[in-house]
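Would you mind keeping the following structure in view while I ask a few things?
For reference, chains read A, B, C, D and E in written order, and residue numbers begin at 1 within each chain.
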Amino acid sequence: AENWKLAVTDVEGMERLQLEWGPFKSALEEATGDTFEFFPVNSRTAVAEALRGETVDFVVSGPAEYVVINKLTNATPLIGLGRPDYHCTIVVRADSGINLPTDLKGKKVAFGDIGSTSNMLCPMQVLADYGVDPVNDIEKTHTSRNIAFEALKNGDIDALGMNAGTFVGVRNGQSELPYGFFKMIARSGDLPNDMIMVGAHVPQDVAMKVRDAILGSKAQVIAGITAHEENDKYVGMDLVAIEDGAYDYVRSMYANAGYPQFDNFIGD
Amino acid sequence: MTDLSPARLERPSAVSFLGYTLGLVIVFWCLAGAGFSIDKVMSSPPRFADFASRAFPPNMDPQVLARLGWKMVETLQIAVAGAVIGVILSVPIALVAARGLIAGPAVNQIVRTLLGFIRAVPEIAWALVFVVAVGLGPFAGMLAIVVDTIGFCGRFFADDMEGTDKGPAESLTATGARKIDVVACATIPAAMPAFISTGLFALEKAVRSSTILGLVGAGGIGIELKVGFDLFDYPTAMTVILMIAVVVIAIEQLSGWARIRIIGDQQ
Amino acid sequence: MTDLSPARLERPSAVSFLGYTLGLVIVFWCLAGAGFSIDKVMSSPPRFADFASRAFPPNMDPQVLARLGWKMVETLQIAVAGAVIGVILSVPIALVAARGLIAGPAVNQIVRTLLGFIRAVPEIAWALVFVVAVGLGPFAGMLAIVVDTIGFCGRFFADDMEGTDKGPAESLTATGARKIDVVACATIPAAMPAFISTGLFALEKAVRSSTILGLVGAGGIGIELKVGFDLFDYPTAMTVILMIAVVVIAIEQLSGWARIRIIGDQQ
Amino acid sequence: MPTRAILSSTTSSVTDLDLIDPAARQARPVATGAHSALVSPVDIEAREVAKTFGDTAIFDGVSFRLARGEAVALVGANGAGKSTLLRCLMGLIPVSAGSVHLLGEETSAAQGTALRSLRAQVGLVSQKHNLVPRLSVLSNVVHGFLGKSPGLRHWSHMLAPDASRSAAMHALEKVGLADFATRRADRLSGGQSQRVAIARAIVSRPKVLFADEPCASLDPSAGEDVMELFFRLVKDEGVTVVFTSHNIEHALRFGDRILGLSNGKLQLDATAASLSPSDLRGLYD
Amino acid sequence: MPTRAILSSTTSSVTDLDLIDPAARQARPVATGAHSALVSPVDIEAREVAKTFGDTAIFDGVSFRLARGEAVALVGANGAGKSTLLRCLMGLIPVSAGSVHLLGEETSAAQGTALRSLRAQVGLVSQKHNLVPRLSVLSNVVHGFLGKSPGLRHWSHMLAPDASRSAAMHALEKVGLADFATRRADRLSGGQSQRVAIARAIVSRPKVLFADEPCASLDPSAGEDVMELFFRLVKDEGVTVVFTSHNIEHALRFGDRILGLSNGKLQLDATAASLSPSDLRGLYD
């Protein structure tokens, strides 16, 4: 049995995995017969550097992270963590008079962390899809989700682009706000899966063995991931085989957001 | 003759002996827990060279420099405003926090505990609080810097004042001066070099923690740095770091100059 | 009689007058730029109350407490290891950074500039450097804390030593003692309360900046705090903040106790 | 060459002292002579005063009454407790037992404003001078007014009212340091800094003056001048002066009365006239 | 009652001084008398020394040669520049002009190790005592060895070699403070701290001793004892002692030779025998 190092980073909507990975880890170890050392990491840059320096072998991460890490280290996707309802939305205050994304031209729109799939890239893509250039047509701000949310409530910003699931959860927690205080004016299609990726330095056959072992014990591993959740919003997730091509859409999102260096098509 | 000399060490009490031992054990346990390893350090150079090669040379594109320079000005503006207000507010707070100065032990304890709380709350939480309070923008960032500065300077100013020579203060007390007058005339002049050192460090700290300004939508250089790192644009990040370094070193020079003037040559 | 008295103010030179004026103008410009507004502060209480209500009461679920407590122990372990090593390394660095102590002005300047660079490099960059060097994990976190501590303590220790009374040092110099002996026997004892204050602050800082541990995959309480905020789980974030506050205040008490013992009552 | 500064004005007429408030001169009845505790008001009274630092007893059972306008020399060997006794009298450190009355009030019990207004009427010259090192000499002297008129205006000579500034300059002149007004206090010679401490103590025209070895660092001529100055304060203004000194000649010449501390007790309390230098020698064995 | 401590051992035989190194006693030829610069080696020589602080000239053109084993009193009014001159002689502050030779070497030009080994043979008692406040009295005295044997072992009495510890205790005994060895130096009376400074200066048996008003805070009897101690060092061990004093009687009694600073010049350089107290009075006008 081998000892693998596995880092978990920026898995949006699955942040708890960074905290309570115990069951997932034992499920993994049982499925593969190897041992896994876990590192919850807050910085995808650090993970990328660790992969490049070959001090970590597997990474659990999101689509946008995959794109940049792949570009930097040639890490390859191993298993997709398919989840229901992984998409983003543009939210405004119901009383703002804004009804269409095009109404946002010249207005203040907040997004989440730079490079976050569902809190930044995806909402920007949505705006672009509706004919609003997210780089030039609006006044954009990057801030943390909670700050953006409070700012929207106070009317400091006109719209907010964020993970739809998170937004619904937060709104439901705001019991003192009248029903219908916010409205979504656009939402995206479902995003590509989060994934477990493997460093380029791990021999292909070994990686495949690990993948097959995990897929072979899907149920236990999923149970491991969802074990500690209070609610069952992640129940229904699946482990799926994935291919790189599914992420080209995310690559184009980078270009659209003003960072063309991660877009294959421009690069080529 | 030798028997005249006092013992080299006062025999420590059982309790303090236990205390020292425990302290040592804890430190070693901590070192072990941190996975201290010389091997790892030794094997790093090649990987490190690769990393460094991607950061050099810094991005010196004039357009980028101009943009970053402008952001730096913005940052400095808010940092100076926040630090100046914070330092000014810290003085009275430190006066009541310092033991044996103007307030009793109970008050000292309460104020120091409050300052501890202020420091325990992370920047992101202060940013959130002030966005809720005054809305997104530079003002929220400035307030966060003010609070941060108070947590830092309040404590250090108090400690600095506690450490001063008590002689002049006693003689002024003997004139019948109020405590506040004694502090103003004897304690603060004695602590002045330390105040300058701490106060200008607070300014430097405000500039460095300008990510907070990014969070509250106040622009600033912090967000540029974050973008640089998140998108692996190390040369640009390097440029930002160099700019911050210039500011930090300039503040350091200012501090040294002011302190030398006040300390004097004491011959 | 009155004509005997010296002028209230020495006539400032044109240059220094310009300097003062410029300084004042800059501060006001900064305040203006920061969008200072009393109105905004006044109107905030209701919104603020609403926000606070969502953070209270803190999450006191025993299971959560146990998990957070354990993470806090992890954090403390790495913070103590990093701060202790950092403080120890800072002493020799501060000796060469302090003006007029053992090294000449050129060396002082170089060391202070290097310390300025160390501080200018943000935590995330140090985290990256050490991840590259030694891989993910607590060791990288500890090294980042060591460097951070050196940047902070090196500067403050140096400033503290510069500010001490030069009399005893002069008398020891007159015995023919080497500079290092003079520093050990006169300067360091005089600066000791400030060293303790600074050193224990560095420990506190290491605990508070445990987000750095999250950056390098060393776990710690920082990641809990971030996740708490990201998930809008304010009660849990509050619990983490309270735990950090307890540690900060405990360190503060320790510092006070040690300083009082050293400063003495000076009667 | 700024070296030699002369205590010139001590030889000038006493009206100098009345610059601020000419009425003050007659405000206090002058004592009719030494040991006049029974006829003139008692300014200082110690009753069974004891002081211990931790476990170390410094003195105990110290009792005396000093009349207004007495000049009292407190003598004793090194470590006898002279400085400690003065600090107890001013309420700067608490007594361990007994009580101290100053100007009719109990200092050892007084607190807050009462204690402060008591101290404002008393001047103290500390043995260690205790100037504020980084401030100017003039500011240090202006601080002498803090008790009588507290607040910002006496924090620095730059802010001080004209009357205070000129009174401070006048006090500096008395101790021969008028030329040093703007010098930083940490750039003075030992004797100069002692003189500034004296100026600070007398500038606010106290009713009682405690001086802890005021001439220790002074050259012989300056020492005499300062003692003369004190003598004038006593004789012309009825100030009660208590000074410690290791100069037996000074003690006998300028003191009306001698208090001697030795072995933790007040071993000596007599008029100067009744003592000879050799009588004091015994205190130092 | 710890109050009175007696300078007991100054009356004991001089062999006490030879505790560490009995050979040292004869190591230095004793001067045959005052003004013996021409017959015995010159220990201290100042040539046209001048000192200015910024724009203020303190003294200039100061020249003298002091022979080995002379006891020299340096007198002058407050602010005349006595302390400044002593600091120039030790190379603690640079001279503005002229040169200083100490034990045959030029201090004003020496640097690094040379300067240190020169200083190691010289003891200094500063006017302000300059003890390290938070350390024990014994540690302060042990510091006196730092010049002769530098390093960790003399940083604290806890680490010091037995020989140094007992020599330090012995020096403390000489100044009557053996009971105060473990007391913190900032909890001493004025006279006690002065005595510790003296103990620190003599503990390493210097060849030259500079003492800046060593008796200013001492009671009369202790002052005499300290001067006697210096006298013995001069007579029995050939130590060259330069002391400043405002006590004219001390200066004339214990000095072989008197140097007088006044108005920025060395106005007086004569044998003590040739002077009367009134001759010195002129320096203070």
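The rule we apply is simple: contacts are C-beta pairs under 8 Å (C-beta built on N, C-alpha and C of every residue); 3 or more make two chains touch, one makes a residue touch a chain.
Every value quoted in this text rests on a predicted model; they were computed, and no experiment measured them.
S.K.: Keeping to the contact definition above, tell me which chains border both subunit D and subunit E.
M.R.: B, C
S.K.: Can you name the chain that lies farthest from subunit E, using the mean of each chain's Cα atoms as its centre?
M.R.: That would be chain A.
S.K.: Of the pairs A-C and A-B, which shows more C-beta pairs in contact?
M.R.: A-C
S.K.: Nearest whole angstrom, what separates the Cα centre of subunit A from the Cα centre of subunit E?
M.R.: Going by mean C-alpha positions, subunit A sits 78 Å from subunit E.
S.K.: What is the distance, in whole Å, between the centres of subunit C and subunit E, each centre taken as the mean of its C-alpha atoms?
M.R.: Chain centres of subunit C and subunit E, defined by C-alpha means, are spaced 44 Å apart.
S.K.: Centroid from C-alpha atoms only, then distance subunit B to subunit C, rounded to Å. What do you get?
M.R.: 4
S.K.: Could you pull out the residues of subunit C that touch at least 2 other chains?
M.R.: Residues 47, 51, 124, 128, 132, 134-135, 137, 211, 229, 266-267 of subunit C each touch two or more of the other chains.
S.K.: Mind pulling the subunit D residues that touch 2 or more other chains?
M.R.: 53, 128, 187
S.K.: Any chance you could list the residues of subunit A touching two or more other chains?
M.R.: Residue numbers touching two or more other chains: 43, 45, 49, 53, 144, 146, 150, 154.
S.K.: Could you please write down every pair of chains that are in touch?
M.R.: Touch list across chains, by label: A-B, A-C, B-C, B-D, B-E, C-D, C-E, D-E.
S.K.: Please output the residues of subunit A touching subunit C within their complex, sorted ascending.
M.R.: Answer in residue numbers: 5, 7, 15-16, 18-20, 39-43, 45-47, 49-50, 53, 55-56, 144-146, 149-150, 154, 166, 169-170, 173, 176.
S.K.: Within the complex, which stretch of subunit D touches subunit E?
M.R.: Result: residues 1-6, 53, 56-59, 76-81, 83-84, 127-128, 187-192, 195, 213, 216-223, 246-248, 261-264, 281, 284-285 of subunit D touch subunit E.
S.K.: Using the touch rule from the top, collect the residues of subunit E that touch subunit B in their complex.
M.R.: These residues of subunit E touch subunit B: 19, 53, 87, 93, 138, 157-159, 162, 165-166, 168-170, 173, 178, 181-182.
S.K.: In the complex formed with subunit E, which residues of subunit C make contact?
M.R.: 167-168, 170-178, 181-182, 184-186, 189-190, 192, 262, 264, 266-267
S.K.: Across the complex, what residues on subunit C touch subunit D?
M.R.: Result: residues 1-2, 4-6, 8-10, 267 of subunit C touch subunit D.
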